[in-house]
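Okay, so chain A shows up in both of these, paired with chain B first and chain C after.
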Partner chain A sequence: MGKYEGNPVWDDVVPIPQDDGEGALAQIAYTDEYAEAMGYLRAIMAAKEYSPRVLDLTEHIISMNAAHYTVWLYRASTLRALNTPIDKELSWMNEVALQNQKNYQIWHHRQILIDQLYPSISSDPAAIQALADSELAFMTQMFDEDSKNYHVWSYRQYLVRKLGLFNSPAELKSVENLLRKDIRNNSAWSHRFFLVFCNPEYSTPDSKATEYDARIPDAIVDRELAFAQAATFEAPQNQSPWNYIRGVLRKGGRKLSSVEQFAGEFVTLPEDDSAEDVKSSHALDFLAEAWSEEGKTEKADHALRLLADKYDRIRKNYWDWRRAPLKEKTSK
Partner chain B sequence: MSLVSGPGRAGLSTASLPTELRLSVAAHVKYIQALDNRKDELEYHLTTHLRLNGVYWGLTALHLLGHPDALDRSQVIDFVLQCQGENGGFGAAPGHDPHLLSTVSAVQVLVMCEGLGELEARGKNGGGALGVGRYLAGLQDRKTGTFRGDEWGEEDTRFLYAAMNALSLLGLLHLIDVEKAVAYIVSCANFDGGYGVSPGAESHAGQIFACLAALSIAGRLEVVDQGKLGRWLSERQVERGGLNGRPEKLEDVCYSWWVASSLKMIGKLHWIQGEKLTKFILECQDTEQGGFADRPGDMVDVFHTVFGLAGLSLLGYPGLEEVDAVYCMPRKVIEQVLGPREEIPIE
Partner chain C sequence: MGESQLDTERHIKYWRRCLKSLLPTDYTSTDSSRMTLGFFILSALDLLGAGVETLPDKERANIRDWILKCQHPNGGFCGSPNHRYPDGYYVDVGHGKQLMDPANLPATFFAILSLGFVGRLDQIRRRDCLRWLKTLQRDDGSFGEFITEEGIIEGGNDTRYCYLAAAVRWALTGDQVSEEEEKDDIDVEKMVDHLRRGQTYDGGISESSEHEAHAGYTYCAIAALSLLNRLPDPSTISSSTPGTASTAKLPGLADLSGMVRWLVSRQIKYTMEEDEEEDETSSAEPLSLAELSLNESEFVGFNGRCNKKADTCYSFWVTACLDMIGSGNLIEPGPIRRFLFEQTQHRIGGFGKSPGSPPDIYHSYLGLAALATMKEPGLKSFDPALCISIQQKEKLDKMRRDALVPTRTYWKHGYSFSIREDDPAYEKTMAASEEPPRFIVDALKIVR
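Up next is the complex of A and B:
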């Protein structure tokens, strides 16, 4: 006997077994507990029942298999039908999420719940703040397990947009904390870029991440450059802040050569035959681009040659591709 | 098709082999054929929601291995047709609610089995291909261009690609607003040259593959900054030869496929070292019991098996059927349906 068969709460339900499409029921020897629970769920869904016991049943199934999206969706419909308090559901989900790091259905479920909850708190800043705080605390817990969890970061962007957290000091602070722990966390860098350059207070609506935005204040561009530059000194071979600097310059409409001096801190290329000193291949790459921008073709080509032959040989073909247009220029 | 992992573990039995690693074709064919005999394992049933995807993965792998008939054609077609729902879409298994991703797998499998005629003759409500196309087109949000996975609304650039994949194979791309879809992809481009799951989201190799493949189908690759993207993609190769999906992450066979096929689509596959990647992928196979894992030493599964083989095929491994980078299906099959494939020349 299982958890449901013979249980008075479920007495009225006749479970529907899985039909694997081959009509053979004999093969269904899979673990009895899961099979039984799924049989009851199929029956419940067929009868379109939305009752408190559905919450127990789906909780039980999710504890065995959190990846079955139909179970989540049916649970969401039941919650809506029953008008269940959402905070209770959120804290239960925290546990499930912590136990199922790679699961994504749960994040979609969470989004559905927040969408449902939001209209009731949208005019109450204190309630929004409280929700933002508790969600942040939970995400911080998730990041303690895996600070690059893509689902959590996607959910976080959704939440920032939904609750309007662009100017929340806690939001930027938490990203800085994550970067302090791991300066190579590309997810945190990416989120920072989103927070800073999609802030509706001063950015152009729908300005793409790859384009110049005339409305971004100079002070913001300066602040971000200083932040990313400090990070490169900490770990010169970390590609994230180098990409970030390029992104900030683009947003601010500035040339790479405007920070040439900074990049030069990592690279010494003597004019004579003495050996060069390169502390970061990313700096060398950066300088090559800055120099080519300024028309210093020979210097740029020298840097690219060093990358192709010495500092990043695995990508020689890429560096040679970068050299090709320079050669054209010098031959003219 | 079972998605149960194991029984093999990658790379353990090959540790003593010389560097000249070989592909164990017979073992892989057997491994895939045996997947469906594992219904007594719990994992088989925990992955019911991916069953039809599993058939696509297994069948594609067999095609690439040059054994397209290793699964019984009529059984496969019968199973696929049993998964179709009243609205034209396909669920992951018989009786499951239709979902975009399983519908796309159904179309891909039917195309590989030359079973579209059976869909016309025996499909639900006589809707045939058009019924399937209408179901998929109905999932597009006409305001944003994006696609929902099902009637519940989760959105993802993967869905957009998947829908365009199936609709183009059915010759029904005109049912959707392709321009809106392209504009949405453009809005997902990031400052580092990559693409994320939505505007502002971190660049991710799986999403880049989806965006590029969708743009290829739409014939709109010119909206991509190909140099910048190729740079990001080529940075994914790690010392050991494999590719990761994001900076500072571990290399993985499935990401190796997404990155390499993306590079192929923009004519820049030579920006990574193919030999090193080939070696890494081969190290991820179980040479005796068959199958590939994400990394040497891990449990094999059919998902990493198809992407391992697709990666090797892309890199020109001898004896494998040529894969199409956009559809992740045999190129021969795609050319039968769509005609000769255009390619961006290597530069």
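Up next is the complex of A and C:
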């Protein structure tokens, strides 16, 4: 006897077991418990039953397989039909999410719930703030486990848009805290870029991440450059802020050479035969590009050669490829 | 294993075990993706030269029947029989059959590719499938994973479903969509626009340009563009001025040189100490030459995002991207092979996620796929966009053309049969066809 068979609560249900047959691919050694519960879920779904016991059943299945998308969907429909308080579901989900770090469905389900909840609080700034605070607290807990959890960051971007948190001091502050803990956290850098350059107050709607946005104020560009530059001094070989700087310059419509002096802090290439001093391969790459931009092909080529032969040999083919068009220019 | 070469026999053994025996209970979380795992198993054996042709006819037919059993009555496929009800449940509700558990886009793609190994594409109800596929596209050009009875498109707006949609379209309609079917075709322009918007400030692609670039999403976008013939001609890539490449010639990618930079940056040197240290403290210090020199025993792995650790699967996602945009020569296979062979290849066959991990189906397949992309001897030539051997792609190409040949009905002894127009016996059979039985002719008259 299983959990459901012979149980008076489920007596009226005739399970619909999976029919695998011969030739089944990727057959799994399901536990009897899972196979039984799935049979009951299929029967419940076929009967379109939305009752409290469905919540128990879906919770049970989720505890065994949190990646079964139909279970989540059916649970969401049941919650809606029963008018179950959303905060209760959210706190249950916190536990599930903490136990299933790599699960996508949980975060999708959470979005469905927030979408459902939002209309009831949209005109109440205090309620929105309270929700933002509690969600932030939970995400911080998730980030304590894995500060680069992709699903959580995805959900966070959704939440920033949904609740309009672009100017929330807590939002930027929390990203700064994560970067203080780990300056190499590229997820946090990406989130900062989103917060700053997608802020509807001063950015062009639908401006691509890879293009110049004339509406971005100079002061913002300066502030972001300063922030990222400070991070490069902390860890010169950390690529995240170097990428960030390129991104900021592009948004601000500025040339790489506009911060050439800064990048030069990490690289000394003497004119004579004395040895060069390179503290960051990313700085060398940055300078190579800036010099190429300015037509200083020989200097650019020298930097790329150093990268290829000495400072970043695992990408030798790439650096050599970058050198090829410079040689053409020089020979013309 | 300790040697830098593919131990074909051991891998074949691993995959045969996956094919023949039950997967451990730990795989329960992949219950909805069994079709995906099934495809990996069939395709891995194909790559290793031990494909389904080595199985008895009966076994092949059983596999085919299982895949077809997962076909949804309203078009598309389900990920496993746990999502597919017995036929009787799909009752007609006036505007089609009851949905029950909806068909799923990844399952559909992997079912089609798997049928390529054991069946034929004309066993797919392609019109239904294509009409269903169209219903999965959103206004922003993206695709969902499935559509509910209420018409809600579920699943992220990311590049994964765009890729799968492009691939299903490739397999069912071919490169040219006929005029007759155009109205059922997906909106390719919108999809390309959506993919174009996904490039991030650092050159990679993410689920949207607002999120962190990720090699898996990048692969899906580039492979989708490749299947739609919307990748730029490799000869137009400019290496001189990264980030400022002309966009006019780059239909699907806004910034191709930024993309190349991001892709090659995914290569990281793997050192054993990395596993012990949580973070690389060395990054704060000046580079020392000893640390950066390349020698014979060096390992190069790939990460999926900036500053993350190496993982077998990204060796494929990244090398495949470079290959598809014509920059496969920018990587050096030696240290990458060494990483896969000596660090993640397992002694029982297969590959694990990272050094020391046990093998699993997903990483084992993508490990082989990465090697095949780099033209590893002992593996069949590979098509990175469809993630199958070129031989299998050619077979699919023939099948999809065959599936488009119309069939006609003929009558014999009061029973109807169908015959394809390209059958050598077509003319003769049709000429010998009897009249349909009287009651059918009468019934048709009444209808008219």
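Methods note: the second predicted complex is superposed on the first by the 322 of 332 C-alpha atoms of A that agree within 3 Å, B and C clash if a C-alpha of one lies under 4 Å from a C-alpha of the other, contacts with A are read in each partner's own complex, and residues count from 1 in each chain.
To be clear about the criterion, contacts are C-beta pairs under 8 Å (C-beta built on N, C-alpha and C of every residue); 3 or more make two chains touch, one makes a residue touch a chain.
None of the values given here were measured: they were computed from a predicted structure.
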Consider chain A as the common anchor and indicate whether chain B and chain C clash or fit when overlaid.
-> clash
Report for A:D218: first if it touches chain B alone, second if chain C alone, otherwise both or neither.
-> neither
Chain A residues touched - chain C or chain B, whichever exceeds | C
Based on the superposed arrangement, let me know which partner A:K310 touches: chain B (first), chain C (second), both, or neither?
-> second
Name the contact category of A:D11: first (chain B only), second (chain C only), both, or neither.
-> neither
Could you say whether A:D273 touches chain B, chain C, both of them, or neither, answering first, second, both or neither?
-> neither
Of the partners chain B and chain C, which touch A:R246 in the superposed model: first, second, both, neither?
-> both
Name the contact category of A:K329: first (chain B only), second (chain C only), both, or neither.
-> second
Regarding the shared-chain residue A:Y318, is it in contact with chain B (first), chain C (second), both, or neither?
-> both
Which holds for A:T70: it touches chain B only (first), chain C only (second), both, or neither?
-> both
May I ask you to decide whether A:P236 touches chain B, chain C, both, or neither, giving the answer as first, second, both or neither?
-> second
Overlap of the chain B and chain C interfaces on chain A comprises residues 18-22, 27-31, 34, 42, 64-65, 67-70, 73, 108, 148, 150, 153-154, 157, 184-187, 190-191, 193-194, 198, 206, 208-210, 239-240, 243-244, 246-247, 250-251, 314-315, 317-318, 321
Can you name the residues of chain A that touch chain C in the complex?
-> 16, 18-31, 34, 38, 42, 45-46, 64-70, 73, 104, 108, 148, 150, 153-154, 157, 182, 184-187, 190-191, 193-194, 197-198, 206, 208-211, 234-240, 243-244, 246-247, 250-251, 277-281, 289, 292-293, 310-318, 321-322, 324-326, 329
Interface with chain A, chain C side, in the complex: residues 18-19, 22-25, 27-35, 37-38, 41-42, 59, 61-67, 69, 80-86, 89, 100-102, 104, 114, 145-146, 148, 154-156, 196-197, 199-203, 206-214, 238-243, 254-255, 258, 260-261, 264-265, 267-269, 279-280, 282-284, 286-287, 289, 292-294, 298, 300, 305-308, 327, 329-332, 335, 361
In the complex of these two chains, what residues of chain A are touching chain B?
-> 18-22, 27-31, 34-35, 42, 64-65, 67-70, 73, 76, 108, 112, 148, 150, 153-154, 157, 184-187, 190-191, 193-194, 198, 206, 208-210, 239-240, 243-244, 246-247, 250-251, 314-315, 317-318, 321
Chain A partner contacts - residues on chain B that touch it in the complex | 39-42, 44-49, 78-79, 82-83, 93-97, 99, 150, 152-154, 186-187, 189-192, 196-204, 225, 227, 230-231, 234-235, 237, 239, 246-249, 268, 270-273, 276, 347
